[in-house]
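One chain, chain A, links the two complexes that follow: it is found with chain B in the first and with chain C in the second.
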Partner chain A sequence: MNNPIDLRSRAAHPHGETRRRPAWPFAALVLAGAVLAQPAWAKDAIKVCFVDDRSGAAADTGIQSYNGFQLALAEVNAAGGIAGHPVEAVAYDGKTDPQLTATFASRCAEDDGALAIVGGNPAAPAAAMIPIATEYEIPYLMLSAGTDNLTDAPAPFHFRVGPRNSQDANAIAGLVSTQGFKRVAIINNSLPFGTDSAHAALAALKAKNIEVVAQQTYDINATDLAPQVSTLRNAKPDVVLVFPYAADGARVLRTLQQLGMQTPRIVARSALLSTLRDLAGAASDGVLIPNTVDIHRDDVKRLFEAYKARFGAEQPTMYPVLGYDAAKLVFKALAEPKVLAALDDGELAAARVALRDAIVANGHYAGLQGRTGATYQFSESQRHGPPDDNWFVFVQVTGNGKQLVDADLAAFTPTP
Partner chain B sequence: MNRIHALGTGIWQIPLLILLAGLVVPHLLSSGFHLRLASIVCIYTILCVGFNLLYGYAGQISMGQQGFFALGAYAYALLTQAGWPFYAALPASLLVCAGVTLVIGVPLLRLRSHYLAMASLCFGLIFAGVASRWIDVTGGTAGMMVPSLKVAGHLVSRTELYYGLVVIAVAVLLLQNFIVGTHLGRVLYSLRGDETAAESLGVNVTAYKLRVFVLSSVLAGLAGVGFALVSRQVNPSFGEFPILVTILTVSVVGGLGTRYGALLGAIVVVLAPQGLTAFGDLETLLYGVCLLLFLLFMPHGLSGFLRALCLRLFRPAAAKPAPRLKVSP
Partner chain C sequence: MEQIGVILLAGLTNGSVYGLVGLSISLIYGTNRVINFAQGEFVMLGVMSAILFMVTCALPLLPAIAAVLGVVLVAALALEFGVYQPLLRRGAPPLTIMIGTLAAAIIATGAALLVWGPLQLYVPNVLPLEAMRVGPLITNPQQIAIIVVFAALLALTWFLLYRTRFGLCIRATGVNARVALLMGIRSRRIVRFGFLFSALISGIVGLLVGPLLGGQVGMGVTLTVKGFMAAILGGLGSPFAAAAGGVLIALVEALVAGYGSSLYAEPIIFALILMILFFRPYGLLGDFEAGRH
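Right, the complex of A and B next:
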């Protein structure tokens, strides 16, 4: 304790008291070092807001997307920022509360002076931010919120980076058809994601003349799903489609297992979240999930290695990639001369308009979603980025729910 | 004691001060974001005054207020979409709220305590479910856009909308003060205390319960219309749990059965999350701890705390308790 370089040490006082060594010279040294260690940025920081749910029912999606966003941010700042401007993230946790999320979005637009807003995994908070983006004319890049009509209304500053529910549904219906399934059962939760997805799946299956033999809806908090699963079992389907959130999805899979249903299962994108698979354990093994990330792409592998190094291991799913791609889309557009000119003139409103135009102009950006060669498809009349083709990759759960691997489609066929 | 009495029960004085303060606020704010927060404070005040009258004064707990909040907002959005002007769409939306409350109120108000809470909660759940699934009418999860407010050809600005909300919030507080200070208020107190005893004294319990239920739902609908105008959108989340949680939190923080608890609670509940963002990941934890502290140390909310403080500050010297005398053995 008497080590003189230990700032916490106290020298013995002649009268038995202790006195604190003055710590300010060392603190000043540390502060000076910290200041000098910062890169000397020539220009003011450009702020980009990240507003999403990092607590509440959809916390996993928001946390992973924010991590992906931070990786892109670190990359751009390590490369010298954007024309000498460092990029700064201003992050808010909307707590899955649409009203709070909308208030944070307006704070981004007004108080923070952000150039763009990224975020929006659950549909309701995402929907609440759209009028804010329109009113303040600030580009808003929505992530995985899948409700189809979110991008239907004219909202010139709104862009969707993730797939919509009908695209998942079409991909699933395509797989069901290709694999030769004839009798489909659907089970979904009563939240907007569950009902919207089931609605889209019914339409997609009908378009392919595939019979839906049963459909069941349950409350997300229901603990006993045996009645719904029994109804499915009695309908004798040859494949079961599940549209859940994380925890309730695990209950569905465990109930299917407990009631002895060995039927092939396809679970919506929520099964990409480790929470669902951890809770379901072995009951999730063999499940197929539509993903928008091709795990064989080298650039995807590099991203998830960087993710692992900074945040810990994560299976290659769409959520970190959505945050990363959205950030990259914004950064690429920020580097456009018109945006930079408006920024240098201190014209925030003009910079936002120029940024919106630049995102549209770079509409065929090749990100990390989709198969190799697939690009986004933003345009003046198209604010939904993911294309219908060459975008989805099915992955399969294995290892007691721990791993996602290539889907073994040869074995994923109707049970004789 | 007169000063204390005036402080606690004056019908006009405090609302007038609130109105003056509310009118000054836009001149003190630096951005439209702050104006949005102030507008939301007014909206939650209107919403929670209705809940306060129903539960705080009459003792009838409704967990379906968020349903009426959404009903007012959706009715207004649908009517304006159908081409109705504001001055017709607003009262018509409130009439819709009143009509629905009358229809469901007659059977619901036969129930008491948690049975009434559960039944009214079901109404809220049903409404949110219908709003998210009747896609052709309500727009589903994406909801519906609400056009900017136009009155007599004039496009109402954010600041003008805020002034309108302040005036309505103060009018609602005045209405509450009037109700509480009259015969009707005493009837509501009696309902909260003992319905059977109230009936034995000649109070038409069913009629009064229905009246206050209708009034609270109309106020919820009015707040919903205000929120639709501020958000320029309605969606199913208007009728979901976060709104109910906000109502309950405002009640806990502000104080139930008090005249200005709704306003005080709304100020704290709207502003606190914005202030707590500085704490990053600890924000939610701190918010929860603060609410627990409110429950433990301010069971009557901020309103009760301020009243106790005023009583202590303004208590005349003569009214202070006399020092205990030591009695010699």
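Right, the complex of A and C next:
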């Protein structure tokens, strides 16, 4: 590449073909074009933080939710922002580290001047942000962290957008009962998600008088899960419930297949992640998974088409929708007059309180989770949004683990 | 009867993995008295580079395996020349060098994150994962391969250490590197061999466990912890003791899982290690290390 000295010497050469024009008018034109291409924002940007794991053990969930969040952000800015304010995302990767996640949440509240925090798929880092939200009085919308007790005692600025483990468990127990299964075996990993989910499933099954014939817990790093699976097999269940993380879930399914267990299987929401199904391959085919996204809804289809156009194809699961719905909840509340008035007065603390109040006031928000007509149920005393009914949709794995389709419930019955 | 067979086979499979990582840790410790906290990262590099060469580059099997082992050997040299030697030259004590290896492990994980990203990835299997019967037991060729490779590498290590002059040099360096140097043994080369051989073993472990565990850049830490537990329980001074420690840990895990719940396996194992260390502070088979002191 020529440098400026070369250019000058060429222009001065008696046999130089042409004299080079100075480059600055072109640069100025490009700059002017770039400036004109941006919306002319009349007001300061409103910042919303996204804090989640995007490189650790639960990275798939955080990445997909952040992608959904960005789609909502692009929509609101394309529509002119919020009363002339552009909305800006400030994103942090908490790496499944509760301490790091809490530090980032503090930074959002203290240094970034964010109006709200969205994030929290894995439970421990998600829980670490709750006291930060309380301390700084900043609304925090938690995503798929499912540990039940996180919203048992409502914290004033905390909202849960995703379902809690007991709701998954109730949905699964309901399906087990409806389909006529009588002998259930449970296998779960020893992490909080696995043990909490299994505990909730035991309670839900007991409430429906369904017998649990075996329960096994395993370490996620064990290469061979045959001892646990053979104990399940010996108990002769007619359905197996699995509460895993992604990679260990694949090992459970492969071991079930290896030990010749053809029993119908239901796997917790972690099987919505392609990682589990990619690793399990054909061993995941036929598995039923509770999802909170109805793939027949037109608005859901539109979201996943937009997702595909921007980030690549993704199966319609709850994780992108959680980020999208949480962002939309915040944006709707941001447009409330009290929030905007506080913002225009430069009163950040008052704007956050008004935003919290607006989220509560808009508590019956109809997002993309749940079946048509279902809405969130936030109120002053309830910070857990998803309702118990009309929320879950079961999907089934097919195509060597590649696809999620409508569950064929007619065939999902006890093997005679 | 079948249940106990299943449990023992699972214990042996998992124990082979823990044992090989413990053996690798003990091999380096045996040459330079340093515990390599980056040992699990060698396994991680083996797994992730298997994805790179077998999936991304689609190399044929044998060149891909050679390339994977090449990567871990280069990583071993980088650890030796980038961390161990500079710290040793500056008179750092073994504890400081251990922290240096921990720093190297974290850096390796970060670098791997840039290359492979954060997601759990599919690792192609070298051997079939379809079920096969061994007597009354059901397993698969990949799991059998883990046990066979464990036995083969144990035999190779034994032969190397006890049936070759080079092995005598390794053992002499392990007893006292300075005296070995005075006796004409180039202890620096012995240490280098320790790094390379242990990395090679870990790379092979990566190729074997990758299809079962999947590949994720953060997987090294837990493997280091299990290998370290194995080495402490068996006895750090001897690679064979560390390998035996790995098998024992996995057998206890499998028995607790089979007849109880894995939820309690780790507390039981740590209680067991603690009790054993009360009576044998240098590990179950740590007579050699006890004699040194």
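Before moving on, here are some points about what is shown:
Assume the second predicted complex is superposed on the first by the 382 of 416 C-alpha atoms of A that agree within 3 Å, B and C clash if a C-alpha of one lies under 4 Å from a C-alpha of the other, contacts with A are read in each partner's own complex, and residues count from 1 in each chain.
Just so it is clear, a residue touches a chain if its C-beta (ideal position, glycine included) is under 8 Å from a C-beta of that chain, and two chains touch if they have at least 3 such contacts.
Remember, it's a predicted structure, so these values are computed and weren't measured experimentally.
Once the two complexes are laid over each other on the shared chain, residue contacts for A:130 go to chain B alone; chain C is not touched. Look at A:372: by the touch rule set out above, it reaches neither chain B nor chain C.
When the two structures are aligned on the shared chain, A:234 is found in touch with chain C, with no touch to chain B. Of the two partner chains placed by superposition, only chain C is touched by A:259; chain B is not.
Of the two partner chains placed around the shared chain by superposition, chain B is the only one that A:150 touches, whereas chain C remains out of contact. In the superposed pair of complexes, A:109 makes contact with chain B only, with no contact to chain C.
By the document's definition of touching, neither partner reaches A:403: not chain B, not chain C. Shared-chain residue A:216: touches chain C; no touch with chain B. Of the two partner chains, both chain B and chain C are touched by A:190.
On chain A, the patch touched by chain B and the patch touched by chain C overlap at residues 54-55, 190, 195.
Within the complex, the chain A residues that touch chain B are 54-55, 92-93, 95-100, 102-104, 106-107, 109-111, 123-125, 127-128, 130-131, 134-135, 147, 149-150, 152-153, 190, 192, 195-196, 199.
Within the complex formed with chain A, the chain C residues making contact are 2-3, 6-7, 9-11, 13-14, 17, 113, 117-122, 129, 131, 138-140, 143, 146, 209, 212-214, 216, 218, 222-223, 226, 253-255, 257-258, 261-263, 265-266.
Within the complex formed with chain C, the chain A residues making contact are 54-57, 59-60, 63, 190, 195, 215-219, 221-228, 230-231, 234, 246-247, 250-251, 254, 257-260, 275, 278-279.
Interface residues of chain B, counted against chain A in their complex, comprise 30-34, 36-37, 40, 129, 132-133, 135, 139-143, 145, 227, 231-233, 235-237, 240, 242-243, 246, 273-274, 277, 281, 283-284.
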